[in-house]
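Chains: A, B, C and D, in written order; residue numbering restarts at 1 for each.
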Amino acid sequence: MNPDQGVEFSLPLRVYIEDTDAGGIVYYVNYLKFIERARTEFMRTLGMDRSAIFNEQMMFVVSDMAVDYRQPARLDDELVATAALRQVGGASLKLRQTVCRGGALLVDAAVTLACVSPEHLTPRRIPKDMLAKLRAASLVPSD
Amino acid sequence: MNPDQGVEFSLPLRVYIEDTDAGGIVYYVNYLKFIERARTEFMRTLGMDRSAIFNEQMMFVVSDMAVDYRQPARLDDELVATAALRQVGGASLKLRQTVCRGGALLVDAAVTLACVSPEHLTPRRIPKDMLAKLRAASLVPSD
Amino acid sequence: MNPDQGVEFSLPLRVYIEDTDAGGIVYYVNYLKFIERARTEFMRTLGMDRSAIFNEQMMFVVSDMAVDYRQPARLDDELVATAALRQVGGASLKLRQTVCRGGALLVDAAVTLACVSPEHLTPRRIPKDMLAKLRAASLVPSD
Amino acid sequence: MNPDQGVEFSLPLRVYIEDTDAGGIVYYVNYLKFIERARTEFMRTLGMDRSAIFNEQMMFVVSDMAVDYRQPARLDDELVATAALRQVGGASLKLRQTVCRGGALLVDAAVTLACVSPEHLTPRRIPKDMLAKLRAASLVPSD
């Protein structure tokens, strides 16, 4: 666990043919699917399944992201996608997310999620109990 | 126009890197996106845009399909996806759809769409005015 | 195990937001990704990983399929995709594949794979040792 | 044409069901497919089709990107994806790319492409004649 990342969640996954492109590598867009799967499972470990965070009252949407592609993944690779909370605001979250293979960092991403009302996608506050769980998960464990 | 196809609608499209896989060809799943685009544009020519056919009262879903892959498409190919109504039932439609390159038939598909209520996806009748338009489009023009 | 299916392989998977569409259900095209993942993992259990079946000498491509959509899957559903060999020919394979949720059959597919040379995608014979493994996996175990 | 963007290329496109997710909006990952289509067509207008920029000697890969999501697109929207060269280096390109609907900016992206050798994806110089075309396209036209 990296001290400046709080709790880091890891999801193992496999590269299938659907993930690749004619360059013989994972299509750059598809790494973003991998990190979204990791975000979803990370949220689930906090007791926030999809019905909790994607319903008529609220949903999270990506408001911005910066992605650094270091090395490509290839068909059949076993990867790990990670998610770690870096900042928890009243209506938004900042995460660091990576895709790794073995010890190698392939993709490094900073992702901001905004909490919105589904109908018009206007910003809204994250519910209090959810906020408490998220803050706990973003704390750096002290030794 | 093929006499046993009624009106055939054609949509030109280009193969982009997103459509390919590590085999260097179009990923077999993605041809189904191509033919859905053709279906959507075909419906639009009948005055049935998405708000007409995908709303709180009804939507069309694919209930079955048979797909024959004859030849592969490759990156940068210029293709044509087609849609032709073969049968118009009270609550379902049968279409023949193809993907071609030049004169060559690459993919040949028979697709059945069911008209359903969105909430529980239970079958429902196609509205009368829509049915009339669909029947007209499935008629074989006489010489 | 169904007696008319030989060995059936099952792969559990989760529905993520990437798999859904604006109808609130899994986009019909994406079930085909699920069953391809099951095919790939099934092959791996037979000792045929991707480098064995997707290389400069050979690859398998889908030559035809028939897909029956019975019930929709939704966001966050836990599904099982299956693969079972029904017929092993000298240059092609026929599989039955399904997507299920709990005991419910959602999607039922018959898929034919052709063994081809990668360069021009011309048919070629399945290598002998591979054929033996495939035939063994398609046998109905006797009691 | 924006004076600080050089030549801006625009590609009109339509949102299909394949592009959406269960939130009823375009899945955030899919905007990146839209802007890649615009990049590809932009390159083509410069006389650089896929065989010129994606072959055994070279290909371009995305090395980093920053994406700002301002407003969502929805099913059936008519969008415009743009591409404009901001910087042409010896082995990399920086582009500004957007997705707009009418006058509204929905997605704003800065994308860096690296020119690499396909086999090991190691950086290589952009060929001279290509470089000249790219530099010409990145020039701000003077009045």
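List of remarks:
Definition applied: contacts are C-beta pairs under 8 Å (C-beta built on N, C-alpha and C of every residue); 3 or more make two chains touch, one makes a residue touch a chain.
Here the structure is a predicted model, which means the values were calculated and not measured.
The equivalent interface to A-D, defined as the listed pair sharing over half of its contact pairs by residue number with it, is B-C out of B-C, A-C or A-B. When you average the Cα atoms of each chain and compare centres, the chain farthest from subunit D turns out to be C. More C-beta pairs touch across one of B-C and B-D than the other; that pair is B-C. The mean-CA centres of subunit C and subunit D are about 35 angstrom from one another, to the nearest whole unit.
With centres set at the average Cα position, the gap from subunit B to subunit C is 25 Å.
Note on chain placement: the centre of subunit B and the centre of subunit D lie 29 Å apart, centres being C-alpha means. The set of subunit C residues touching two or more other chains comprises 17-18, 22-25, 29, 33, 36, 54, 75.
Interface residues of subunit B facing subunit C in the complex, by the touch rule stated above, are 22-25, 28-30, 32-33, 36, 54, 59, 61-69, 71-72, 118, 121. By the touch rule above, subunit D contacts subunit C in their complex via residues 17-18, 20-25, 27, 29, 74-75. Subunit D contributes residues 14, 16-18, 33, 36-37, 40, 49-51, 54, 75-76 to its touches with subunit B in the complex.
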